[in-house]
Amino acid sequence: MGEDKKEEVCCCCEKHKERSDKEYRDLMNRLKRIEGQVRGIQGMLEKDAYCIDILVQVSAINAALNSFNKKLLANHIGTCVAENIREGHDEVIQELVDVLPKLMK
Amino acid sequence: MGEDKKEEVCCCCEKHKERSDKEYRDLMNRLKRIEGQVRGIQGMLEKDAYCIDILVQVSAINAALNSFNKKLLANHIGTCVAENIREGHDEVIQELVDVLPKLMK
Amino acid sequence: MGEDKKEEVCCCCEKHKERSDKEYRDLMNRLKRIEGQVRGIQGMLEKDAYCIDILVQVSAINAALNSFNKKLLANHIGTCVAENIREGHDEVIQELVDVLPKLMK
Amino acid sequence: MGEDKKEEVCCCCEKHKERSDKEYRDLMNRLKRIEGQVRGIQGMLEKDAYCIDILVQVSAINAALNSFNKKLLANHIGTCVAENIREGHDEVIQELVDVLPKLMK
């Protein structure tokens, strides 16, 4: 996210998405924490940690990733999807419909 | 996993688990790849990547983590659980029963 | 879905949703099949079926229900959500954002 | 589950499983309730219920089925799996390892 950030808080055109500073930092912090969790499990493996303890930690990472995805998706619908529909770019609907099954149970 | 690894390929006593070299390397390689994927998403975020593209990549990490967990769990059942039941340490059953809901849908 | 169905194929106002005959029949058929699957498992239980066989059948029902939900959600987004956004009823966005976590992993 | 139920509370041989009366009734009651929930959704569809309301109810059925599966699996591990391992029938391990991925996220 460069310094030359344009005024608009959301631009979804040309398959790019400028995020507000607040959203960017929140998402990046989540990813840094998740990276730390993955390295934590590497450390557990090096110390011959018990399988059950590793399984529980991996589940925690999955939960953190799902929480990240829910946050991102909610923002996407509230900004990109809504704006594009208002402007008549209805292809955003099919795009959303196509990605949801990947995220659902 | 040091050089002073003992003879036994599986010891699940005292909440530790010695893994075979092959299993250790497989699991560690998976974690290194997953760490790389998480960093890849940080890079996408820095480049203002489109929400949908990020959502798809995060789903791929979730799938990789679940695959890691399935591998680890299968090995745990085939070694620790089976051995402990044979030796009369039935508390391993309750432990497995308690962790499964965390891993199930 | 009575005979007095109005002209419009989609009306999402007042928390109702008129579905096209085709969509209605598709969804209802899926539910009838799912009901049959649930009764099938009752029959398995009565015949002392093996746990593993029951677990597999229950997983099949879960998959059928998820498939039903994906279908319904895709239709909801393509009709109700899109129409309401176009007409300025943006509360449909928050409603969608609130329900998605219940459907996601 | 006939009247001629044998003494043993668990017999997992020949791919059958005799369940205690208590377990049988608990599992059957859950299935009856789930069948009622599926019919309830058919009723919602007939009354042109709103998509979001249907999605939430289907999620509730999924949760009930998962809860049923967790119960059944816990009992299977505590009885069939443990007994078979003690008696040297280790094929029960592979069987469990094969079914778990179907039940996991």
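Chains here go by letter, A, B, C and D, matching the order in which they are written, and residues are numbered from 1 within each.
Please note the rule applied: a contact is a pair of C-beta atoms (placed from the backbone, for glycine too) under 8 Å apart; a residue touches a chain by one contact, two chains touch by 3 or more.
The model shown is predicted, which means the values in this text are computed figures rather than measured ones.
K.L.:
Cα superposition of chain C onto chain D: how big is the rotation, rounded to the nearest 5°?
P.N.:
180
K.L.:
If I average the CA coordinates per chain, which chain comes out farthest from chain B?
P.N.:
Computed centres place C farthest from chain B.
K.L.:
So what's the Cα centroid distance for chain A and chain B, whole Å?
P.N.:
22
K.L.:
What is the distance in Å between the mean C-alpha positions of chain B and chain C?
P.N.:
Roughly 34 Å separates the two chain centres.
K.L.:
Report the inter-centroid distance (CA atoms only) between chain B and chain D in whole Å.
P.N.:
Computed value for the inter-centroid distance: 26 Å.
K.L.:
If a residue has to touch 2 or more other chains to count, which residues of chain D qualify?
P.N.:
62, 66, 69, 73, 96, 103, 105
K.L.:
So in the complex, the part of chain A that touches chain B is made up of which residues?
P.N.:
Spelled out, the residues of chain A in touch with chain B are 1, 12, 15-19, 24, 27-28, 31-32, 34-35, 38-39, 41-42, 45-46, 48-56, 58-59, 61-62, 65-66, 68-69, 72-73, 75-76, 80, 95-96, 99, 102-103, 105.
K.L.:
Name, in rising order, each residue of chain A that touches chain C in their complex.
P.N.:
62, 66, 69-70, 73-74, 77-78, 81-82, 85-86, 90, 93-94, 96-97, 100-101, 103-105
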